[in-house]
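Here the structure is laid out as structure tokens; the discussion comes afterwards.
Should a chain be cited, it is by its letter among A, B, C, D and E, assigned in written order, with residues numbered from 1 in that chain.
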Amino acid sequence: MANTYNLSHESLKGLFGSLRRDGRRILAPVDAAGRVELGEVEAPSQVAADYLQTILSAKEVAFPKVERLLSYTIAPGRVDLKDAEPRALPTVLFGVRPCEAKAFGALDAVFNWDYRDKFFNARMEQLAVIGLSCTKADEACFCTSVGGGPADATGSDILLTPIEGGYLAEVCTEKGAAIRALAPDLFRPGNGVDKAAIAAKVQQAFDQPALTSQLPGMFENEVWADQALRCIGCGACAFVCPTCVCFDIQEEADPKKGERLRCWDSCGFHQFTLHASGHNPREVQGARWRQRVYHKFSYYPERYDMLGCVGCGKCTRACPVDMNLKEHLIEAAGVKA
Amino acid sequence: MSRIGVFTCHCGENIGATVDCVKVAEMCKDIPGVVHSVEYKYMCSDPGQRQMQEAIKEHKLDGVVVAACSPRMHEPTFRRAAGDAGINPYMCEMANLREHCSWVHEKGEATTQKAADLIRVLVEKVKHNEPLHPIKVPVTRTAMVIGGGVGGIQVALDIANGGHKVVLVEKSPSIGGHMSQLSETFPTLDCSQCILTPRMVEAAQHPNITLMTYSEVEKVDGFIGNFKVTVRKKARKLDEHLCTGCGLCIQKCPNKKISDEFNEGLGTRTAIYVPFPQAVPNKPVIDTLNCTYYKTGKCKVCEKMCPTNAIRFDQEDELVTLDIGAIVLATGFKLMKTDAFPEYGYGKHKDIIDGMQFERLASASGPTSGVMKRPSDGRSPETVVFIACSGSRDRAKGVPYCSKICCMYTAKHAMLYKHKVHSGKAYVFYMDIRAAGKDYDEFVRRAIEEDEVKYIRGRVSKIYEEDGKLIVMGADTLMGGEPVVIKADMVVLATAVQSNDRSEELAQTLHVSYDSYGFFAEAHPKLRPVETNTAGIFLAGACQAPRDIPETVAQASGAAAKVVGLFSNEELTREPIVAVVNRQAAPVYSTCVGCFICQGACPYQAIEQEEIMARSGEVIMTLARINPGLCQGCGTCVATCRTKAIDLQGFSNEQLYAELMTL
Amino acid sequence: MRIGYYPGCSLLGSSREFDESARAVLKALGVELVEVPDWNCCGASSAHILNHELSIALPARILALAEQAGISEILAPCAACSNRLLSAQQELEKHPELLPGIEKAIGMPYKGSVKIVNILEVLDRLKVLISVLTTAPFRKKVASYYGCLLVRPPRVVNFDRPEDPQSMDLLLKAVGATPVEWPFKTECCGAAFSVTRTDIVAKLSGKLVQDAVKRGADAIVVACPMCHSNLDLRRAEINEYLQKEYAVPAMFITQVVGLALGLDPKALGLHRHLVPVAFAETAGVQS
Amino acid sequence: MRVLRVPCTGRIDYMMVLKALHKGADGVIVSGCHPNDCHYTSGNYHARRRWMVFKKMMEVMGVDMRRITFSWVSAAEGARWAQLVNEVTDQVRALGPYTEFRQVIGAGIE
Amino acid sequence: MEAVIQRAKELLEQGEVKAVLGYAKGTGSARRPHFARQAGQLDKLVMDEACVQNLAVYVTKHEVKKLGKVAVVALPVTQRAILQLMAERQLRDGSLAILAVDDGAVKELDSASALEEHLALKAQVLNAKDKASLADLEAMDQGQRWAYWQKELSRCMKCYACRNTCPMCYCDHCTMDCNRPQWVPVASHGIGNLEYHMVRTMHLAGRCVECGDCGRACPVGIPVHLLTIGAEETVHELFGQRAGHKAKLDYALSTFKTDDKESFIR
């Protein structure tokens, strides 16, 4: 394993101090009126205690729900264009679960597919992720079925795993090393601990590679329509999902000035693919649900040879009508072509 | 991008005085989409309009904003000019720099800036204007005149002589109105009956006129050119066709002691009666409130006597619905009663009468056959006091306005009295003499100089009865406010002219606006005196404001000319400012979801259901559709519709949104 | 029935008989009078000419005292007093901004919740009882004289018909009297000139007396101390002006009702009149 | 004060009031003919119901309703309209710019 | 609950209905809507206190209409929603078999008039929790209320769960989707969220059956149901009209009384 250390609770407080002194904002899951959401913290004590996950994903840090791309003012006879500089504060994302940490990779795949998205990249450069392994999971989690794991270090610059009196800290990237360099003495040389024993037990629910290969053959299958019969076509699943990248460009202007905004969009919306002619290739909810599954489990692997889903289960928890993705995938996997 | 022309008008000084029009024209050049911006002193003038038309052709403009006065004034003018210049008239909008800017602000930079802002709002609107084409609506070439007085009769005759059908509706059993109650008329003193009755007969016999007397308008639906009017023909309790008007029933009717409305309570009439001898139609009516048969079930003398047994005791009111193209209101006025004057004894003195009662005393067909007899004891009054402005010009009585006709008829009354009682003394208490018509002042001078009517300038503070005399306590302000006490035998109050009974109710039935005194509101006091704000409904006579006979007849002909004008073309072109429910190609067909919540919002029932059929004939969806003929363009449905499926042409969501964006 | 009572200065002074007859009649009708404790002058005809705030503060103090005494309705028999109380109350309602100053001036809180009524209103409420209890009907022809302050200004007083009031006439009918048709019910009697210009009072009140007698009135009935003093006290000047002896007495409505109820004339103060009330029923009572 | 002309109060959509506030207006006057005198019979009756519900909703959302004036003014009441406009402009000027609302307009954008 | 499943099974087997819409166990303690189209899927149906969602949201969906006649397990809120949808002509009599469930008892209704009579039996009661929250809101002053809603609405991301879960929001092309003109900004920034929730509240005033689903559906837990239920109560107070009680459209904002009382119009 990369260099692993022990980090006591005390020294974690010290680490927070040095990070703050280094001018970095620290975002971590906090308790807010019964809900757990990302918030700015000064010390580990402010971080929520025994939470499963935040409701919304951490993608908001790199890909906010509304972002100004450019603005302009209209003066007599001419237009003054002003590019918007992305507001990228040096940030440390603490306490994020391994699945969400991994998700940044999926975002990165799209935002740097061929066009380098200036806004996303600016924020990612300033971002460091200190992941925290899961010690418990619920029915919605299925990270192990999509190549992840409760203590998987992918995507984390440093991965902490809770152990007696503190954490096992694995420094995985240069950014992780840079953080350790801020206060090296806080990191005691670690005695190899079996992470799997501590991490939560997440049973593999289905054979993902088999599903991915099976999907192209079942495009016309009735299963999608049946599953989507109860889907109400809202955008909750897409907006809480750490790997959903779809966005919509909105122009808000009046005769004197205007600005171009990027905001989240969802393939679940009825009008997502509505053509100006009135034709809609994905007319029914079944087609839209199918698109959500195929995008993450068929097109992503095909194009970026990685999955568009990290199995965090946020969509299942957020869905008003309890569309359980794991359950549906198991059902789909079970369908004979 | 549109090519818009802005034409800023000085409107003489109205705008030019406070707004720097040259600067405004300059500033408007910078508005995106404006390719031509000029100013001119009088845009609405002929040269002004021609200048605009040339600019449209020369600069190939497709939108015009005229920054001048209120659209209510000259929108039609400029739209017609724009139309003649080759662009769709509805691509021309007006910015109101007068009422919205120059008239309400001081001269200054901010005012000029506001003027430019207002223009920019309308330029943004014009960018979203769509070419619209007037709606063609069939016109029912039948007019209805409500009110059978001299005004109503004149309107009916003029329209009928114009070759169109007229229905003349009169509330009382006969046409004639108040004029039939008068004795002589000023300023010529010619007998009222003699000049009115021929007109009444002419109206009754005119092939184009249908008389509906003893009838009231109950309900009016529809709109200009297409009114549906429901009239209640009150039961006369006799068959009009069989009755020959011989009058036998009237002579024989035992119940003779009913107070006669026609004679203003001075005379009495029978239960079955004809209002006055020259009544048209000369068909009696049974007064069911006082007729013995309806009280006790006995009598039936009239039925027995009637040679053509035309009496129908069980006759019911009849509701008649008529297709009407235009309506003229000529419902006249009423006089304030004498009991409205506490200072003159709350009406308890019999010998204090109002002007109309004096007319009846003076009229040959009146209760005293024209002989001056005072109501209390029938003696010939030796001293008569006439009090002008009784109730009029008196805020405490709720009538601050001048009733216009009293000065003239008071002089006439004094003159008539002197002609009938040469030895009598006539006094007139007045505030100001308002005799502004032709030969009017000369008439009053004649009363003063030739008939020695004593005019005392002052008010009467109190009248009380003493030893059979009426003690009139007044003051003579020309003699230093000297108290004047006159022992009079009879006092005539020239009471205020008020709107007729239930005029507000009628106005609401016809959706016509009215003022706080119940008079109907004309569309524009100076420029459209005979029209109302409700298209297709016109006004004539005292129902609009106190008015004498010459003016009433003149207005009547004016209103008739408007109606004949309206009927002169086959179809009526209506402003295309109507609401439309959007339609799109299949499979969407429309964003309307067919909830029909809009139907409740439409006062004109203009929203219909349209079933969209598949080729198989199966109904796919039911959508709302607006009948352009009925829609008046108020836009209530547009704001009520949740999915914004309805839009109002001329005030569309996009136009208003664009205007809002530049506020 | 329990009602607040505000006699005012004239009812304890020049028109004591109005107070005595009012108390006697109301007692006979079972009405309990609760006199306003420590009441002060209502400002009468002088205050509102000299000082606006004073003309409100004086009546306001009376009303405030009444409120503290738990009085919800207050009877002020004298027309001038009820007129002043009403206009002060309405002035404070229309201009609440005056309230703090007034409350400071009278040194107590003022709510303005007391309802002010005049003698005719109270008697009118008891009209049925009066006609029942009438043992000696007042078979006389009477001219009912209301004067000015009872009915004017209508906006403030809002009582009966300002030009031709009927309430006293109806009361008189209830006790058996026959009111005459009389046009001078609300003509001016000369009011305060009673002190300074008796000649004008003589002329004005003279006209009233002359016309009343001409219409056959045996008595002129009033409900206001000022009217009574002009018609009674100044009778000498009236007779001199009219060059004729007029003996028609001026009586208070409460005295007429009292007589009708059979009360002792002396208790009604009939002996205090200058113009003797020389009816048979009051034989023996002489001033 | 700037004017937006519509044929009847019935045509006034509450979203127009929201747009006016969105474009930075500190006060809004919503006006039209008196009930019962509506040239279109019932436009203002519907508007009145709409305004009653709209006003309560805005109050629940915490909007400062002193800045929004609803008034019946007929075309004949020129003087009363002038007096109303002056009164409202003074009142809104006294309340000052509606910063509470303005802050929301720019907020929420990264 | 057995009675409902039993009746549903009969309807399905006799072919009277093509599907039965009820509740089934979901992830963890959640309950989810469940379409049973063959008898086999019926045993998944459950009915207990946790089943609260207003299933009427599905009856106007094209996909569900294509299924043919559906039997719906209808709680009181669902019954009211279906009646209101019938009043707004979105459903025709007989297109649904309504299995009305009122605290245990099951009654089969198939026409608007039957539904109206059934609903008239029981008064509609606002649950205590919402009533208390509305009272708290009422108690705040204008500044506090503004701050409260700004804080809550700032978390809104316009996922439209509240709109899409509402049975009364069945419009294919909602005002939010209207871009000519763009009355309400699409982006979920400050003004965008504020105007969206204001317009949604206005659209539900007088039409909301007070089921509270919008509040439950919000992934970030904004109590948006207080807005719509508050507006519905306002309409009831002002005009005495409630949604979902009449078969014939009885919508306060599409009619009027000449003497509607209000105190704020000058």
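Heads up, the rule we're going with is that a residue touches a chain if its C-beta (ideal position, glycine included) is under 8 Å from a C-beta of that chain, and two chains touch if they have at least 3 such contacts.
The structure displayed is predicted, hence computed values, not measured ones.
*Asks:* Give the fewest steps needed to get from chain B to chain D, where each step moves from one chain to a chain it touches.
*Replies:* 1
*Asks:* From chain C, how many touching-chain steps at minimum until you land on chain D?
*Replies:* Minimal hop count between chain C and chain D: 2.
*Asks:* Starting from the Cα centroid of chain B, hunt down the chain whose centroid lies farthest away.
*Replies:* A
*Asks:* Computing the C-alpha centre of each chain, which chain sits at the greatest distance from chain C?
*Replies:* Greatest centre separation from chain C goes to chain A.
*Asks:* Please work out which of A-B and A-D is bridged by more C-beta pairs in contact, and write that pair.
*Replies:* If we tally the contacting C-beta pairs, A-B comes out ahead.
*Asks:* Would you mind checking which chain's mean C-alpha position lies nearest the centre of all protein C-alpha atoms?
*Replies:* Smallest centre-to-centre distance to the global C-alpha mean: chain D.
*Asks:* Would you mind pulling out the distance in Å between where the CA atoms of chain D average out and where those of chain E do?
*Replies:* Each chain reduced to its C-alpha mean, chain D and chain E end up 31 Å apart.
*Asks:* Please tell me the distance, in whole Å, between the geometric centres of chain B and chain E computed from their C-alpha atoms.
*Replies:* Computed value for the inter-centroid distance: 51 Å.
*Asks:* Could you work out how far the Cα centre of chain A sits from that of chain C, in whole Å?
*Replies:* That gives a centre separation of 93 Å.
*Asks:* In chain A, what residues contact two or more other chains?
*Replies:* 66, 254, 261
*Asks:* Spell out, as numbers or ranges, the residues of chain D touching 2 or more other chains.
*Replies:* Only 19, 23, 36, 42, 46, 50, 108-109 qualify.
*Asks:* Spell out, as numbers or ranges, the residues of chain E touching 2 or more other chains.
*Replies:* Within chain E, residues 172, 175, 182-183, 187-189, 192, 253-254 contact more than one other chain.
*Asks:* What are all the touching pairs of chains?
*Replies:* The list of touching pairs comes to A-B, A-D, A-E, B-C, B-D, B-E, D-E.
*Asks:* Please name which positions on chain E make contact with chain D in the complex.
*Replies:* These residues of chain E touch chain D: 137, 140, 142-150, 154, 175, 183-184, 187-195, 197-199, 201-202, 205-206, 227, 230-231, 234-235, 238-239, 252-254, 256-258, 260, 262, 264-266.
*Asks:* Write out the stretch or stretches of chain A touching chain B in their complex.
*Replies:* 74, 76-77, 254-256, 277-278
*Asks:* Provide the residue numbers of chain D that touch chain B in the complex, in ascending order.
*Replies:* Touch list, chain D to chain B: 2-8, 10-13, 16, 19-20, 23, 25, 33, 36-43, 46-47, 50, 74, 76, 82, 85.
*Asks:* Under the touch definition given earlier, write down the residues of chain C that touch chain B in their complex.
*Replies:* Interface residues on chain C, with respect to chain B: 161-164, 181, 183-184, 211.
*Asks:* Residue numbers of chain E touching chain A in their complex, please.
*Replies:* Where chain E meets chain A, its residues are 26-28, 30-35, 53, 57-58, 61-64, 155, 157-161, 163-165, 172, 177, 182, 185-189, 192, 213, 216-217, 219-221.
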